[in-house]
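After this come two complexes, each holding chain A, first together with chain B and then together with chain C.
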Partner chain A sequence: MTDHPPNELDVVSDGALPSDVDESGAVASSLREATHPSVLGLMGEFPSAVEAQTVSARDQAVVWIQASKSLEMLRWLKDDAGQLYDMLSDVTGVDYGDGRTIEVIYQLFSTKHKRPLRVRCKLPLDKLEIDSVVVLWKSADWLEREVYDLFGVTFVGHPDLRRILMPDDYEEGHPLRKDFPLRGRFSRAEQTRRALLQDVERFYQASDLQVGGRPQEVATPESTTLHGEDPS
Partner chain B sequence: MAQRKVELSLGRNPEMGVDGLPTQTPLAPFDILEPEIDTEQMLINIGPQHPATHGVLRLVCELDGETVVTVTPHIGYLHSSFEKLGEYRSWNQIVPLTDRMDYLAPLIYNCAYVMSVEKLMGIEVTERCKVVRVILMELDRIFGHLLWLGTTAIDVGAFTPFLYAFQERERIYTLHEALTGARITTSATRVGGMMADLPDGWIGALTEFLDTFPDTLAEVHHLLTGNQIHIGRTQGIGVIGPEDAINFGLTGPNLRSAGVDYDVRKDQPYYDYETYDFEVPVGRYGDCYDRYLCRMEEMEQSIGILRQAIDRLPGGPINVDDPDISLPSKTDCMSDMESMIHHFKLITEGIPAPEGDCYLPIEGSKGELGMYVVAQEGGTKPIRWRVRPPSFVNLSTIPKLAEGHLVSDLIMINASLDIVLGEIDR
Partner chain C sequence: MGIGDVLPGGGVSKQDGGMFGAGSPTFLTTKIDWVINWGRRNSLWPMPFGTACCAIEMMASAASNYDLARFGMERMSFSPRQADVLICAGRVPYKLAPVLRRIWDQMPQPKWCVSMGACASSGGVFDVYSMVQGIDTIVPVDVYVPGCPPRPEGLIYGLMMIQEKIRQESLSRHFEHRAEDPNSVARPHANAEEVSGLTGPFGSSTHQDQLSTGLVVDTGDGLADDLGQGDD
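Entry: the complex of A and B
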């Protein structure tokens, strides 16, 4: 199991996860011997970094890995000749609520071996950070931005980590967290007040028109006349 | 099962080299610009309200003359947080949210969601239900591709295919309405079965559609496939290679047009797709024209699958025979006290799920549509319901595809990706 001592954030208050229970209880019976070749491979290559594994929904292999070694292990899964997970279908997060860890989930697929694998990383709430995998799969770009936007997980090394679905100046937090109320943190009156106060022109000004994180030069009002036209 | 490919051997633009790129590139390199011309780069904003963005998509383009240097998509204008809403709803109440995502092929989303929940709960649906769902999914693949065909054709100035496509879509709308009572927001599936069995005469109406639809498709082929204007606007535009296409996460016809024969129906089969006789069209050049050909051929293949499914459609019940999952019939509820109690209990308590998670990818009309559900022991609502959105990932490639092309080609590239903003923003 985990190397670090469990803190109060890891306490399970309502229903245990397969990974939270060692070899006892009802959940342990669902933990089977690993048969998926990639899970066996990961256990052989990174014996200390594989936290748990299970088979979910009858035939789907799931493996929990240490978040601190995730990039190294995912790179091995992508490049090793026996694995070749060249397609990253999905990156998403799960918040179980009640102060438990937030998990980042990678859905991998190997078009060579025709094999799917689900990789999960637990992140403690006080350190929601994990290495970005954009260097391995370009498809992670928007998917990681979405997890950052909706869960507040920071992807270290992401080239352009900004909000994607919510507005850039959204101040109410991260919507898919369990501590986020369904109707938002602010009251309806406050949300309406803020919406009406918005300067809509701002969306078409230089600070918003950024490409790849660098501000663009935009024509100032003095220089917006057509060429050859007398500015006066 | 061995993958069979359809050869897309149609005439290419004679100005094109072996790699599929035009030999005479229209993209102006910097050194041929005349020095006295002011070469300041300019920013152009397209959208969010613009017919050619196919929804509320905003593209901020940095232009050098007419050439796109960079393009930055801004999304989120339709964000409704369906995934958050789903966490507050029981398993069956989520079904109406799914068809509001991809309103261009709603039945595929209905089916994909309940398939994932059924897999998580270990429910095996009846044989009739499986075949009915295959029919609905293939019908909506045609439905989604027809909208793509019409709007893409109109983006390059061809108006007639738009009318042909929408005429055929109208007939599918009628089929939707006969089955579910709704034209777009179908919500046809339930965990363990369907909202209702196929009505009388529905299969006959579908067969009638299948008999005449190939004629329309042939006419569109006649109008577009060899059309010099269409070829000039699409060949060599928005090219992506097979390795890049996989790395960028493209799926569906967009990936297959780049020469990768990945189709979820063949590679991770569900609902006995391995027993249907159909072929996967695979392109060669990965440009807009190959995407067009792949989708046209996919519609032909879907017609074949539909015919096979109609032939093998078995009788029997459509819902699983399990009182913990399926509701009693409405007639029983109104006349029988036990059925009334059963109905009440099932609606108020919901269907309990086992501990675990399930990611089930299916081949949607836009690409790999994955439904990921996470449940706790006995949970009647999901802890997390996640949709792996094919259009979202496909659209993220647009900065790479459009770089170096003209603004008019950017419109064509955006159209050729077949996006639906309801699902991108969710």
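Entry: the complex of A and C
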């Protein structure tokens, strides 16, 4: 670590983060104060798997559940007649740093009962695995890829788990982890070199590159001529 | 006074109509450099590579209020094959770097490049893992337009500087001006030392684990070991 004069950023990283206090801080005594019907339902259906609950931002119900039972519980939330959370708005992750757990967050909405629910799962750093929910909600596909890309969480059972934002052959790690250096792990020269070595067409099918229903000839670095002369 | 009076008068024909009516010359002399450069600088077609807010200003420059067509930039050429000036307006992430380089390689000579705005010129505020620190590490740049974003006047001034640059070119030194190494296709424009030097002691105000000197920091996840140069 580089020596540097202390600043306000250090103070934040030493203690609880504001976002931490907002939701995790109010956890301890609140299970019995739960009023949200879905939280109460989860507590009745899976009494040992609900870890905590709180209400955040005035009316956003948040419930922490065991990661090992997440698929089962989320399926119940989706299918139970009293819940019917048919829409998965978002899947995100949070890394609180300092060796604390990484959390995977599911933002659900029931269009039937018109209520939202936030479900959070804590994952220990040495076992960043959770069941994929693509089987329940199609929208989870790219969202889980994003969490995998940026946090390194493995979604077991995902049909196509690969990077989505960073280049497919990115080897520097998972950028939104707190231990990831802001400028990446490689030097700028190495990053530039690797970037230009990318084969950008490698991950597309010919049908993806169609324009106006006509298959396009895929240009490769070899077929790209220096002075723009078309070889044909 | 007609234009015939100021043109070289060697071929003035009193009987027949000349180039510009009766009494005007039937030919004119000039330097072929001047004619070619006149044609080139007044028919520059830009290739818009707009990736961010700078592109909004670029579009404003082309719209009726500022009207780039006054300067011969008659239309934006959305194909690099018909373009003369690459206007890179906005930030370029590493994932987009090979695309930018490919477009530059596909443009026919003679060609010029404008780096519009702080992000394209230097990375701007995005001194982070994902962002190219100035497109001159990827392609050769003729004119940098500062600003965040530059006003349309700024872009027009930059393009007029390109026109001024063309005015001073000479066919006899064409290969000197337009020299391009065939091996440079899809390669970085700057060498490794230049790229690494870009993010020296200045840079982001946030706490850095790495000063972008090629130093690799061991963050405990085994990546540094793979690279074989863990330090610090």
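The rule is simple: the second predicted complex is superposed on the first by the 161 of 232 C-alpha atoms of A that agree within 3 Å, B and C clash if a C-alpha of one lies under 4 Å from a C-alpha of the other, contacts with A are read in each partner's own complex, and residues count from 1 in each chain.
The rule we apply is simple: contacts are C-beta pairs under 8 Å (C-beta built on N, C-alpha and C of every residue); 3 or more make two chains touch, one makes a residue touch a chain.
As the structure is a prediction and not an experimental result, all values here were calculated from the model.
Engineer: Taking the superposition as given, does A:79 touch the first partner, chain B, the second, chain C, both, or neither?
Structural biologist: neither
Engineer: Hey, is it chain B or chain C that touches more of chain A?
Structural biologist: B
Engineer: For A:167, select first, second, both or neither according to whether it touches chain B, chain C, the two together, or no partner.
Structural biologist: A:167 sits against chain B and chain C alike.
Engineer: So, does A:98 touch the first partner chain B, the second partner chain C, both, or neither?
Structural biologist: In the superposed model, A:98 contacts neither chain B nor chain C.
Engineer: Look at A:182 in the shared chain and tell me whether it touches chain B only, chain C only, both, or neither; answer first, second, both or neither.
Structural biologist: A:182 sits against chain B and chain C alike.
Engineer: Counting only touches as set out at the top, which of chain B and chain C does A:57 meet: first, second, both, neither?
Structural biologist: Once the two structures are laid over each other on A, A:57 reaches chain B alone.
Engineer: Determine, under the contact definition given at the top, whether A:129 touches first (chain B), second (chain C), both, or neither.
Structural biologist: neither
Engineer: According to the stated criteria, A:196 is in contact with first (chain B), second (chain C), both, or neither; which is it?
Structural biologist: second
Engineer: Which partner does A:137 contact after superposing on A: first (chain B), second (chain C), both, neither?
Structural biologist: In the superposed model, A:137 contacts chain B only, not chain C.
Engineer: With the touch criterion stated at the top, can you tell me which chain A residues are shared between the chain B interface and the chain C interface?
Structural biologist: Comparing the two interfaces on chain A, one with chain B and one with chain C, the shared residues are 165-167, 175, 180, 182, 219, 227.
Engineer: Name, in rising order, each residue of chain A that touches chain B in their complex.
Structural biologist: Per the stated touch rule, the residues are 14-15, 17-18, 27, 30, 56-58, 60, 62, 86-90, 92, 94-97, 105, 107, 109, 111, 114, 116, 118, 137-139, 141-143, 146, 150, 163-167, 175-176, 180, 182, 204, 209-212, 216, 218-219, 227.
Engineer: Any idea which chain B residues touch chain A in the complex?
Structural biologist: 38, 42-43, 45, 60, 62, 70, 72, 75-76, 79, 81, 83-85, 88, 119-120, 122, 244, 246-249, 251, 260, 262, 267-268, 355-361, 368, 370, 372, 374, 376-377, 383-384, 386, 388, 392-393, 395-397, 400, 425-426
Engineer: Residue numbers of chain A touching chain C in their complex, please.
Structural biologist: So the residues of chain A in touch with chain C come to 1-2, 4, 7, 9-10, 165-167, 171-173, 175, 179-198, 200, 219, 221, 224, 226-230.
Engineer: Would you tell me which residues of chain C are touching chain A in their complex?
Structural biologist: Touch list, chain C to chain A: 80-81, 94-95, 97-99, 101-102, 105-109, 127-130, 132-133, 137-138, 180, 182, 185-188, 190-193, 195-196, 198-199, 203-204, 206-217, 219-221, 223-224, 227, 232.
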